[in-house]
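The same chain A turns up in both complexes below, where it pairs with chain B and then with chain C.
Right, the complex of A and B next:
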């Protein structure tokens, strides 16, 4: 019986009618979600905000050197926005690195490229599947972070109004909407960093390089952006998008940086994925 | 990736960086002043509410900001920005407050107030609760 089933499976591969990239997306998603480090990162996205909020509520000092840090005892929305400001610099690049840093180089490490690319899916399908899987898991992690930060803030501290970045007090409803929108606005630059990680992973064929590159590049871009001399370059870097939410949490909302960030991130994604595809297409994988 | 592949992006980055020095600055005196003054006025009204002194409907402020480093041209990021804030309540001048600002290149700043005039880190409401003093120090961002 088993032999018959096995023969059938070989003779007639399941015709789902799904395009190749969609099949690979699902396959790569399964591969990613079965990794301990990826699962640990997703759990951390939920647990870290809860632990931070509980610990912070027991002490009187506040992390005033980060936006909204001085308000974390006054409003739960400030907790969420503080965690957004903090993690967009010190957390999200690590999430991207853990999820996407070796999404392609793992095949080099395990020497599974020949196995993968001699199947009926094209190299483009394989890369598309990997990029989409890495992007989906990273977006899921960011959203878990957003939900966990906002819920722990609201449950532990409360839904009090919060002082926005224009000095005006924002009502609870406005603050909630602005907080959730701010977390969504951070997604384009996060996806751009995913694309950088995939490119590093494809080009270096080395998991360490793939994991380190998105972190080093993000911190490097952040460092360059601190200089006024880089005023012309700053908007062209994907890291500028990590500040785009500043225009939302205030009276007199401005959204031009969000639009810019979407264009810039799309360009980085197009270039990085395009170069990755070109490199992968030319590579002789069957040594 | 071969070294020559990195050449063009690096060259472009260096060119853009050097041009940045001559281009329009993102942090200017007008932007700082136009952001700090209304923020201060609104936070002053908030502080008065917290202290139980009632609403201050007509609180307005004007700012005069400059950098204390010579040759800075009053543009650019730096922790040497100083703002003189003239507070008006109901059209009457109500005090001058000097704030030290650390302005970052992305348009966000931290303003530290004169403790003797605005009070310490926290204040006590008429009901005896301890709250953050909104004027002790405040953060703001402006569009660059």
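Right, the complex of A and C next:
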């Protein structure tokens, strides 16, 4: 070590006027985007729809069992809606798992909690930054999927009208608007699953548990929804919101499921983040 | 003037284990205070309490007169350091790490990151990711992260752990330099010699309690005699002369003599050996008085 610096050479850090949660949001966003797995997930959100569209365009048959699957050779918008239907069951929970499942347990795994908590921000600020960063990256990933699937569908297949879920044909303009709106409509349940992932990450302190939970919970909720006995519970599950966009891709648009989805997702977010904050606030950091 | 650190009656239990028991500690402004104890004595737990990482079950903690309540970052203003080994994000470079930590603190002045990296000798590797760094390099980065806060109170847990002798010497010199600039330092260690080198005062912990405390001069006065390993040209003659100087001598486990004496008695004894043409072949301190005190108090 050289003795070139005495501490007086380092002036007191200027305090910015930015609130603590905003500072931590930026810091956590930088950390997330520095991780290879997160970068890879975002790249996949762009590449997978393109690859799917190109491959599908070479096939003689269509995936007719999935919503809009039978129209993927007829309209580019059907490609995007087909991918929305597929990813809302599988892809988006996986994206959430990669981005959010490790966001707090990473600090346990790397033993870095003291690094954050012995500086100038409260535990509440740190958690808020983590939740906002995870939500931001997940929303960005979802939007990349939306843009990539819509653009690749339009460029490869075309902008032809698409047959809506009511059986009537939606014009190209209506189909484009409905497609983009549908991707936006899945954001509330996606954010609810982010909150569940954060809670799992805080409570378990285990990266694997944090990553597995959003996928398992989403699949579990999906399974529960299949039982008729779960009729009362189904609307209360955040995963019900993954189907709310169905009301947009039809003639005679209905938005009640979207409003319900927003309300239910907000409740899940509030509960999960609230419990996470309480657990983190009371925790002794001993690692 | 409030103390830099004021701990009163702090108790902390983890299940059935009492890590700290009714512990008091006071560190004055600008003091370099050693916190000594064997593994499990409660040193790291006490540092965690001081950082607000662990909430005490009883007692009060104040830093610069400010009550420390868990989750209130204002209480940690001017405080920096680390507990146990510092840990960092393996996917970030050293420079990015410090920039982010500076951002957490509300921003750093232009060039501050470069200067602290140079201070700890990491300027050349600042662009490398921390993931594969050696323990010593990570330790240096931990010190850099602490200096970036421009602390008035530095709490460090075995800061020379993992460093080569040169690095350890530099870190201890840095502690003294910080103290000369008015920074209060609380240095946790299990190495009595390290504390002896840099500290003005010390507290010895044993099983979560204060076993002894005071200035190093006070501790030395309370310490048992130090022990030396002595090999002479005529150990039988040396043994005979030892009694005249109040020096305790017994056979050494390897060869020669084990000698227990205070500094003045030892001085007279060695001079007397010379006067009687008994040459000293080996004379080395095996146990300093402070180390002997440490062993005595902690039963280590």
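The rule is simple: the second predicted complex is superposed on the first by the 273 of 287 C-alpha atoms of A that agree within 3 Å, B and C clash if a C-alpha of one lies under 4 Å from a C-alpha of the other, contacts with A are read in each partner's own complex, and residues count from 1 in each chain.
Simple rule for what comes next: contacts are C-beta pairs under 8 Å (C-beta built on N, C-alpha and C of every residue); 3 or more make two chains touch, one makes a residue touch a chain.
Nothing here was measured: the structure is a model prediction, and the numbers come from that model.
Of the two partner chains placed by superposition, only chain C is touched by A:34; chain B is not. In the overlay built on the shared chain, the residue A:281 is in contact with chain C alone; chain B does not reach it. Contacts of A:26 after superposition on the shared chain: chain C is touched, whereas chain B is not.
By the touch criterion defined above, A:119 lies against chain C but remains apart from chain B after alignment on the C-alpha atoms of chain A. Set against each other, chain B and chain C differ in how many residues of chain A they touch, and the higher count belongs to C.
Of the two partner chains placed around the shared chain by superposition, neither chain B nor chain C is touched by A:205. The contact surfaces that chain B and chain C form on chain A in the two complexes do not overlap at any residue.
Residues 14, 45, 48, 51-55, 70-73, 76-77, 79-84, 86-92, 96, 100-109, 112, 115-116, 118-121, 140, 145, 147-151, 167, 170-171, 173-174, 177-178, 181, 183 of chain C are the ones that touch chain A when the two sit in their complex. Listing the residues of chain A that touch chain B in their complex gives 62, 64-65, 67-68, 70-71, 73-74, 163, 165-169, 203, 224-234, 236, 240, 243, 246-247, 250, 254, 256-257. Interface residues of chain B facing chain A in the complex, by the touch rule stated above, are 1, 13, 16-17, 19-21, 23-27, 35, 38-43, 46, 75-78, 104-108, 110, 131-132, 134, 137-141, 143-144. Note for the complex: chain A touches chain C at residues 1-16, 20, 23-24, 26-27, 30-31, 34-36, 110-125, 281, 284-286.
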